[in-house]
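Labels run A, B, C and D following the written order; every chain starts at residue 1.
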Amino acid sequence: MGHLAKDKGKLVARVRRLQGQLEAVARSLDEDAPCGDTLQLVASVRGALNGLTVELIEEHVRNHVVDPEHEADPERAKGAADLLAVVRTYMK
Amino acid sequence: MGHLAKDKGKLVARVRRLQGQLEAVARSLDEDAPCGDTLQLVASVRGALNGLTVELIEEHVRNHVVDPEHEADPERAKGAADLLAVVRTYMK
Amino acid sequence: MGHLAKDKGKLVARVRRLQGQLEAVARSLDEDAPCGDTLQLVASVRGALNGLTVELIEEHVRNHVVDPEHEADPERAKGAADLLAVVRTYMK
Amino acid sequence: MGHLAKDKGKLVARVRRLQGQLEAVARSLDEDAPCGDTLQLVASVRGALNGLTVELIEEHVRNHVVDPEHEADPERAKGAADLLAVVRTYMK
């Protein structure tokens, strides 16, 4: 992900937040919180992980395949834009 | 999850492993590893999170709804066993 | 699903709608529609299938495990209600 | 999906099989089969739908973005190949 310099900090920060959310899950288990609460915490980790995944896939497509905003070939640009829309639909 | 005493340690250990897997994702980002490698690491976090989710749901069903192995009512016991099989199918 | 008489018609109707959505996917392929459009149709089938899955799991829990609204044991009733909330969160 | 001529028949055949699997779900509901059996049928529809989704995304990438096997730019070819590997991992 050599191209990431600009966004690297943001992505790593997202990973740290995920680790923090997991800390809350560990505490919830340690403190014998109701299962439903612990499971809702785990569900939010899952949502955040999906969000990180979409962002990483998007970074990869833009930097190593086709960047819809900077691609000279209009058909490829449209194809890449459609692809990113589909990835967001499926991974949200 | 007051019933968890026996298993609490195992569940918390799984959460710690997940945090460790995320540490590898952060390092992969920091070291500008190829996107594909980072995305495969995130996919393995996702798999581990699904595994934790199934285990927590199973704990919840056994301890707060119906435990197939200790339920007096045979229809409820079968219903709970079928439910756990479905949860595993969908969450793997 | 012997208990389904009342709801069977509604569930079968949902399955028929899913078959209809797939007919639209087949037509989209036949008519060489843009991939993005076909993929969005398939995404909506996926969403509808998840909705059907949640409803079937809910039916199963209520009729073969514990029905939160008719369960005498308050702890089991709460456990089943929490379970259904978790299933909706994870399967939406 | 104008490029699909060659594969169109195969993809439409997959959609027909999915419709057939849903017919089995409808029959299972109609015949009051055990919930667990119906839910396992729905799970197999879900698996088949994921398979169709991966194939459609792959078709789209190869024909409208970058085809790893026919791309002149080696970095783009590698990027597209990595992307397809990630899509298979996440959608299986």
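Here, a residue touches a chain if its C-beta (ideal position, glycine included) is under 8 Å from a C-beta of that chain, and two chains touch if they have at least 3 such contacts.
By chain, UniProt protein names: A, B, C, D = DNA-binding FrmR family transcriptional regulator.
In this text the structure is predicted, and so the values were computed from the model without any measurement.
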{"item": "Option reproducing the contacts of B-C, where over half of them reappear, out of A-D, A-C or A-B", "value": "A-D"}
{"item": "Chain pair with more C-beta contacts, B-D versus A-D", "value": "A-D"}
{"item": "Centre-to-centre distance between chain D and chain B (centres being mean Cα positions), rounded to whole Å", "value": "26"}
{"item": "Distance from the mean Cα position of chain D to that of chain C, given in whole angstrom", "value": "20"}
{"item": "Chain A and chain D, separation of their C-alpha mean positions in angstrom", "value": "23"}
{"item": "Contacts with 2+ other chains: residues of chain D", "value": "34-36, 39, 43, 46, 53, 57, 60, 63-64, 79, 82-83, 86, 90"}
{"item": "Chain A - residues contacting chain D, complex", "value": "53, 57, 60-61, 63-66, 75-76, 78-80, 82-83, 86, 90-91"}
{"item": "Complex interface listing, chain C residues touching chain D", "value": "1-2, 4, 8, 11-12, 15-16, 18-19, 22-23, 25-26, 28-30, 32-36, 38-39, 42-43, 45-46, 49, 52-53, 56-57, 59-60, 63-64"}
{"item": "Touching residues on chain D, where the partner in the complex is chain B", "value": "34-36, 39-40, 43, 46, 79, 82-83, 85-86, 89-90"}
